[in-house]
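Each in structure tokens, the structures are laid out below.
Two complexes, one shared chain (chain A), two partners (chain B, chain C).
On to the complex of A and B.
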């Protein structure tokens, strides 16, 4: 099979671009640790609230400027530990977000940040994020879960 | 055989038209739902209380993503094979009808369940949302019916090779075989989850379901599903488009090689839809990201071939300079214009796809309305404009009618409405997605914070785009009805391009199916065996079914 000279140049250019791109993605993933959330820790989806750390949802300081934010998600609610559904986080704090679902698949997204992961029954999802900007951020569900899907919400207040 | 004024026999034409009627009814219903969705989400309109946003969203996805595409594609591929191999015999035609009725029965069953609000689970039907068992049986029938058609396509291709030893097989028949081979191998995944996981669970035979396993089987199928939409568009670009502009196919071998690469890199890639899911090892996610990106190579080969065809033809017509060919293209011919705009939209569509499949960037856009914007570029523009382009000659060729200048002009308006509407809607979706706006959501002001309030403007833009698209859809339906029943009788040729004089002999290895199926199965085993063992061994207790609608 003969290839036209221009086509060879074009393919070489394309393949090299691809190679560079994959190397960049690979280095970012494995050397710099920017892997997508993939915590393969399981639990029984039937009684989530009886299992650590979901017995006590909410924000907990675990170190110097370091917090764990535990959220129990269910249709159509993010239980962040208070009825107002507002979490106050100091600006610049590193937050380990831990969540799971008690029923169907939900999405867990803090709009305007890279906090975006799937919650699946039986699995704990975790992600670490540093809030560098002050302001109100909205936590919402981005995977269809039923009629009230678009009403699932909570607020993250990042304060100075 | 009497062909009267058609390229296919009356019996063949009747079979293909049966597929086309369903496809265009589906277009009407699905696009109408699309309009209602964009209006609802603009926040300016509310749906009547008996109609839920998510119910029409389910209709929209199922009827456009599964019904319209499947019927159009199977009908088109059978017609291309009938035309290029010398026609279907009695058995092949009968099987064509059997497949048709099975798929239609499945479609009707699933549709009734959706309309009764028993299956508001969207077209991805993710467990543990649990639809009525009849919905799952309907889906299984659609798949089984499509396997019958795949079998006909393989059989007819084999019959051609047997009856014409040593002759190069028709390019379109070869491409149809690759497309159906990919489809059959991929749809095993969804068939397994529907028949062995979801159906017993919906019938109450088992209490729980392994959610991650079912999602993994779904996405093993889900990505090849989008290539199943795309490959028939490629068939048109490679083997028919040159004829429309009066040129020839650039290279038969390269076209076949492209299809083989697309076959190999279409299936072992499903994890790039599951990047943000817990329970899958990051190493295997990255492996499948690499396999996903290899599709860049056949895509670039296609872009090269297309533009080479255009430029060669332009120069034959006296074009000078680097871009002189551009002026020589038949812009006033809708059979060229619609698929050409489709091709152009593949550039932003492909670039967006690279973002979606990247480990890190995926996290920014996953499940945001960016993704919806993406596949409204690729599926709803690239593929649909090409399918519309096919309609302008396929339907009159089947019905023994002609495309009048008036209909051609209406078709050009149709293309303009579709392009403008989709550009507005899709751009607004992409932007809103970057700001975090979720997909698959009814209108909401969320917690009332300012970060989500800015999304309203984008949602209004989507409603404007959606309304323009609705007009485009109505124009298309008018054209389809005209070409089916009212256009003047006459002969319309089924356009098939010839090879360029300089094109060489096609290597025999391309017809060696054992090799290609072997390599494909090897790649699938590599990409899926260990992660699947992992997923099954480390599975948490199963999930019960829920009906939250």
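On to the complex of A and C.
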């Protein structure tokens, strides 16, 4: 088979690009340990609030500038541990978000940040994020969950 | 001239410069988009 010189060049270019992207994915998964937010950690969805850590939702300091944010999600509410649905986080803090749903599938997105995951009944979703920028962020549900879906929000205040 | 040789000559004669530029342009666009999304991810 004879191929045009240019054809050889762009096939090599395409193959190398594919190889580079695959290596990036491999390094991310196997060397840096990046997992999907829900990585087969399960719980009984029937009595979520009786199981740790969901007995006490809210922000808890677990180390130097390190926090765990536990949120119990249900239609159409993010239980962040207070009725105002506001969480105050110091700027620069590393937060381990732990959340699950008591009923249907919900979305968990802090708009304007990389915090974006799906909550499925029976699964615990976790995600670690460092809040680099101060400001007020909206935590919202981005999976249609019922008639009150658009009212399902909470506020994350990142303070200096 | 055998049929094979003739085919080879025709193949080399095709002007693919425009195609080459287009393909590389598309490849560059894909890489630039990827880098853009990655930069956004790192910034946020």
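Heads up, the rule we're going with is that the second predicted complex is superposed on the first by the 147 of 160 C-alpha atoms of A that agree within 3 Å, B and C clash if a C-alpha of one lies under 4 Å from a C-alpha of the other, contacts with A are read in each partner's own complex, and residues count from 1 in each chain.
Basically, contacts are C-beta pairs under 8 Å (C-beta built on N, C-alpha and C of every residue); 3 or more make two chains touch, one makes a residue touch a chain.
It should be emphasised that the depicted structure is a prediction, and the values quoted were computed from it without experimental measurement.
In the superposition on chain A, A:150 makes contact with chain B only, not with chain C.
Looking at the shared chain after the overlay, A:114 reaches both chain B and chain C. Legend: residue contacts after superposition of the two complexes on their common chain; A:12 is shown touching neither chain B nor chain C.
In the superposed pair of complexes, A:27 makes contact with neither chain B nor chain C.
With both complexes superposed, B is the one of chain B and chain C in contact with more chain A residues. Taken together, the two complexes place residues 2-4, 6-7, 10, 14, 17, 21, 112-114 of chain A in contact with chain B and also with chain C. Interface of chain A with chain B (complex): residues 1-4, 6-7, 10-11, 14-15, 17-18, 21-22, 25-26, 28-30, 34-46, 75-76, 85, 103-105, 107, 109-114, 116-126, 135-138, 140-151, 153-155. Chain B meets chain A in the complex at residues 52, 54, 57, 122, 126-129, 211-212, 215, 253-254, 257, 274-282, 285-286, 289-290, 293-294, 296-297, 300-301, 304, 308, 354, 358-360, 362-364, 366-368, 435-444, 446-447, 449-452, 504, 507, 534, 538-544, 546, 548-549.
Considering their complex, residues 2-4, 6-7, 9-10, 13-14, 17, 21, 112-114, 132 of chain A touch chain C. Contact residues on chain C toward chain A in their complex (touch as defined above): 7-8, 11-12, 14, 16-17, 19-20, 23-24, 27, 30-31, 34, 41, 44.
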